[in-house]
Amino acid sequence: MAQQEEHRQTDRSLTMSRAMVEAIAHEMREDDAVFYMGEDVADYGGIFDSTEGLLDEFGPDRIMDVPISETAYIGAAVGAAQEGMRPIAELMFVDFFGVGMDQIYNQMAKNTYMSGGAVSVPMVLTAAVGGTYNDAAQHSQTLYGTFAHLPGMKVVVPSTAYDAKGLLHTAIRDDDPVVYMFHKRLMGIGWLPAPDGPKTGVPEEAYTIPFGRADIKREGADVTVVTLGLHVHRALAAADSLADDGIDTEVIDLRTLVPLDIETICESVAKTGRLVVVDEDYRSYGLTGEIIAGVAEAELAALDAVERVALPDVPIPYARPMEDEVVPDTDDITAAIRRVRSDE
Amino acid sequence: MAQQEEHRQTDRSLTMSRAMVEAIAHEMREDDAVFYMGEDVADYGGIFDSTEGLLDEFGPDRIMDVPISETAYIGAAVGAAQEGMRPIAELMFVDFFGVGMDQIYNQMAKNTYMSGGAVSVPMVLTAAVGGTYNDAAQHSQTLYGTFAHLPGMKVVVPSTAYDAKGLLHTAIRDDDPVVYMFHKRLMGIGWLPAPDGPKTGVPEEAYTIPFGRADIKREGADVTVVTLGLHVHRALAAADSLADDGIDTEVIDLRTLVPLDIETICESVAKTGRLVVVDEDYRSYGLTGEIIAGVAEAELAALDAVERVALPDVPIPYARPMEDEVVPDTDDITAAIRRVRSDE
Amino acid sequence: MLGVTELQDMYETMVMARYYEERLQEEYLEGKQPAFDISAGPIPGELHLAAGHEASGVGVCHHLRAEDTVTAPHRPHHIAIAKGIDLKAMTAEIFGRETGLSGGKGGHMHLFDPNVNFACSGIIAEGCPPAVGAGLAAKKRNTDSVAVAFLGEGAIDQGAFLESLNLASVQNLPVVFVIEDNDWAISMPKERVTDVTNGVQRAAGFDLPGTRVDADDVVAISDAATDAIGRARDGNGPSLLEVQVHRRMGHFMGDAEGYRPDADKDAATRRDSIERLETKLRANDIDDETLDELRSRARERVDDAIEWAKEQPEPEPSAAYEDVFSSPPSEDPERAPSVADTGGED
Amino acid sequence: MLGVTELQDMYETMVMARYYEERLQEEYLEGKQPAFDISAGPIPGELHLAAGHEASGVGVCHHLRAEDTVTAPHRPHHIAIAKGIDLKAMTAEIFGRETGLSGGKGGHMHLFDPNVNFACSGIIAEGCPPAVGAGLAAKKRNTDSVAVAFLGEGAIDQGAFLESLNLASVQNLPVVFVIEDNDWAISMPKERVTDVTNGVQRAAGFDLPGTRVDADDVVAISDAATDAIGRARDGNGPSLLEVQVHRRMGHFMGDAEGYRPDADKDAATRRDSIERLETKLRANDIDDETLDELRSRARERVDDAIEWAKEQPEPEPSAAYEDVFSSPPSEDPERAPSVADTGGED
């Protein structure tokens, strides 16, 4: 809460990518053990501006370009982390997970447990996620559910510059492996214009945002919308448009999927009775199911209506009319909110 | 239905592995395009007896041992399938998915869609799944949710020899990529004794079981239990024990996760009002969430109580007391069934 | 040895491939004025153009038949064109239109033309294993088809490529791996990501013959490809071919190449395989008029394809739900639930 | 050159490693009588024993310090022992006991002893990248520690190994890759899965020095390891070492080895690195009494460890919920929901 106050008070606003770079730079200054590995992170500054400007300050040994060998360098991050370094390894697009998944899932995520806590793996795996710019089936996914399903990794998805910085400080300082998924459309990259929402006030000093605390981005009494990443902004737009019709929508930004703040969601549903879960990941066997099931377990009696708005179970198509069709937009959310209210 | 009748009438019973081998042999005799690739599938006959005896009949060109290069040989199966062959590629343990996931997910699953249907990928990826024999975190998972979440693959999980054979015939004949996950504990392998349930009557002739048809393994009026694989048998045992107490449990075996037969589940819940979902995969962001959410969407009013019984969100521990703790057993299911009835 | 007619064919295809990229660049960037917004303009998504790579696609694919399989990476157009892809349908696909090869579902990194057995995909080295699979299919069917996997020099450190070398080798499959070495993997020069001077040095460790063509010369590439493809066709197994090409444009459109020395950019432009071939053709007494004719024919095909593509309708939004499966699970309205017993013998 | 005291040390460790496997085999199989049921008996799960691999673990690890990192594959005991792992805690882990290295969570394929920087894991070649990471950490910290990744000859076709060779090479890291060639990958003889005669042939393609030791001879292995480890320690980069070992038992316990010719099994038993070293020791005037003493000390340690382990308590079932994270998400009872605004500038 206090942090959020501060954020309202600062008069400096940043794009999400600048906020992330600031967190990384701060942690690298404070701690020699922190370094960044990835493809095109040095001279290029990260395809999605994730390391822009860092090479100048920290040099190529700490802002390291690596071969296109995700298995090798992500696994190397695991090994370095186990030796007490604090690597940040970037997977350029989350869609590439399949070439490095064994290291991610069978080592990064499990070594702490398999060692009975004798070993820890303090690393961050960053990955760009999301569609909306016609990059088709191999470059547009979010895969939130895939990563959140597999135990051993904390999973973070910021939606604003303020959250992005605070959550990244927490992630780098965390002693466990953290998967930090940033949405390309939110970064504020020159060639990929961001909506207004993610550019927020950001304090210059370091601050952390605890994992497992959803953020109520908009309070409302009638309907609970649970979402994350880009869709926080689409949900807020839907909420705004419905306010004119007297529908008062609460928008909850999950911020972290593991740990999941199911309590905040349940409290909200206890109040509203109506739940809409909005996700850019595939519909089935993923995030929307988890949220609805979590609420059904804890608040079944309070739950009057439920809807999910998610990417249907199709790979992501290239052409605009089709991509627009499958990626949930504000109208889809608005319609779902109306539907859960339709029995009133 | 007719098939099931037949299965009741046959007087020959087989283990699940024999039933699978019979389906493979039949399809290989009928169609030259079918071949099997995997590690230790030739002389060894498959670590889990999945190809036992096939080398003798079909020789090493069709029962092919391959290097320990899952990416290369699973991707080769994709390429061969696109040329009209019908490969079956075996991933020895599903836990190894991470070394081949890019080929599985970005090619096998997506090429049909990305080509707008110009290309099809008629292959089967078989994989052994499941725990209960202390093989620890890297050799005991089911990962049902991981595979079912990603669109483009049909996902099959048999629980009996009868289903295993019929579903495998369907899988091999299907023009789409099918992930066929067989539970090690059900196979009837000499060194890994199976429970009685999976050994069923199996007709000698070929027969198919359509995908997307759950099977009600036990009819009941009071509680709906939805499950799959090994846990069908544990759920049936729980149902039997509760019958003495007058609790009449319906046990639904999903058989395929994609397509998912949500209708059969919803019809059952409309009758019972009480739902228990039992899964050997990790609890969060997976199968249990999907089933509960699917029912909540369609039958919220009918749903009086819901429980999930699944592997908690921990990697799978090695030592017996801990593995027994996390893998749901009959008592866990019994307790959950009682809990959903507790308000009566 | 190539006859002069073949050289003329190659010239025409190379000009076509080059002009194709130039025209796409124009269309792509025009739609992104004044500010570059990747989601604006007539061509959606990322665009990786292959200007400077022509000699590779043409020199190799010249020796292939329609039944031979080619897999290409994210920078595929020159290879697709050389393989004889349906140019109009490919262009419509790149423009995201309904009559595109994939009905607009795939886009420029996911071009599939089963008529000429061409496919490409966007993950580094991902096409190598399927090419091995195509080679396996050819061997199993006892045809003399071959498969060729193209990849960039940045892809030689990826498991999918390295494992494929071994699998093709141990199974003695008719596969040729072609490394297009343009010195760069996005912003990373090759010496930053590997210690070997050339990718072809990897071949011996997998018991494969390897050849490198150092000059961006379609005739030399064609000669080396004749050997490699011939070997594969004759049942003598896989090989690795590496060819020097040049990246005349940014990695993708919109790439300002801030990381790239001007001298390197200039050099890439100067070493022009098309001019080189032109000189050869002139030495073979091909006159200006003939060259002009070849060029205009090539350009005309490209202009026609682009014009045609731009007139094509966009797909219906609802088409997005089709083609997940070749045989979609049937929605059987009369379906009855299945009820079985389980357990023991019957 | 190794002094005779070192040879005696090595002998003792090799005897210990061999005897350890023999004793585990006994314990494991005894619990699985009369019918072999993998879930019965005092040792849970699969068990891959390394009898016949001793010269590799000992010859290499003899030159390592506690700070040096070792990653081992699914067949790890001989390496762990040679690296100086806590034998009792390792044994308790294998027996699935509370006082095991991982409190019973890991088991025989997942042994972690941070005191001697040892770890192993069950997926083929999976330990290679983390070893590269340990080398990277050493380089960044400017220590002279090295990292060694062990793998089987069946693992040389796996992307994780091949990519690691390149990454270690281009970063010039203090890493040694050790291939233990026992001719078999479960039931697959090496000529079935690769065309190269030996794994070490892969080295040149990654600009790495490679050495193969053809005889299962701990002295020769030790000499080769001295070079490789010394090179790494001196900042001269990674190398690849391949050593011939033998699989004296089945791939895992319960493997009837129906696929394996008797002659091959016999040969593996005859080529005994321990006897070979014994001969050397005798040639160095080590008498029977001393050898006996070394042997009994080794055996005693093993017997003690096994006896101790069997007395250890099993873990509580509830322990299964611990250690998913080093810093578990806190359950803060006073947590208030976070309420923020979003949007534009403030």
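Think of it as A, B, C and D in the order they're written, each chain with its own count starting at 1.
Throughout what follows, a contact is a pair of C-beta atoms (placed from the backbone, for glycine too) under 8 Å apart; a residue touches a chain by one contact, two chains touch by 3 or more.
Which protein is which chain? UniProt says A, B = Transketolase.
This is a predicted model, so every value here is computed, not measured.
K.L.:
Could you compare the number of C-beta pairs in contact for B-D with that for A-D and name the larger?
P.N.:
Top pair by contacting C-beta pairs is A-D.
K.L.:
Going by C-alpha centroids, which chain is farthest from chain C? Tell me that one.
P.N.:
D
K.L.:
Roughly how far is chain A (Transketolase) from chain C, going centre to centre by Cα mean, in whole Å?
P.N.:
About 34 Å, centre to centre.
K.L.:
Indicate the whole-number Å distance between the mean C-alpha point of chain B (Transketolase) and the mean C-alpha point of chain C.
P.N.:
Here the centre of chain C sits 38 Å away from the centre of chain B (Transketolase).
K.L.:
Indicate the residues of chain C shared as contacts by at least two other chains.
P.N.:
Each of 100, 102, 104-106, 110, 121, 123, 157-160, 163, 166-167, 170, 192-194, 324 in chain C touches at least two other chains.
K.L.:
What residues in chain B (Transketolase) touch two or more of the other chains?
P.N.:
In chain B (Transketolase), residues 66-67, 69, 71-72, 95-96, 98-99, 102-103, 106, 113-114, 136-138, 151-152, 313-315, 317 touch at least two other chains, as defined above.
K.L.:
Under the definition above, what is the set of chain D residues touching chain B (Transketolase) in their complex?
P.N.:
Listed in rising order, the residues are 35-39, 44-46, 96-97, 100, 102, 104-107, 109-110, 121-125, 154-155, 157-160, 185-188, 192-194, 254, 258-259, 314-321, 324.
K.L.:
Write out the stretch or stretches of chain C touching chain B (Transketolase) in their complex.
P.N.:
Within the complex, chain C contacts chain B (Transketolase) at residues 69, 71, 100-106, 110, 112-114, 117, 119, 121, 123, 126, 128-138, 140, 147, 159-160, 163-164, 166-167, 170, 322-327, 329-330, 332, 335-346.
K.L.:
Please name which positions on chain C make contact with chain D in the complex.
P.N.:
So the residues of chain C in touch with chain D come to 157-160, 162-163, 166-167, 169-170, 192-196, 201-207.
K.L.:
Which residues of chain B (Transketolase) touch chain D in their complex?
P.N.:
Residues in contact with chain D: 39-40, 42-44, 47, 65-69, 71-72, 95-96, 98-99, 132-139, 190-193, 312-315, 317-326.
K.L.:
Give every residue of chain B (Transketolase) touching chain A (Transketolase) within the complex, in rising order.
P.N.:
71, 95-106, 109-110, 113-114, 136-138, 145-146, 148-152, 257-258, 260, 282, 284-294, 296-297, 300, 303-308, 313-315, 317
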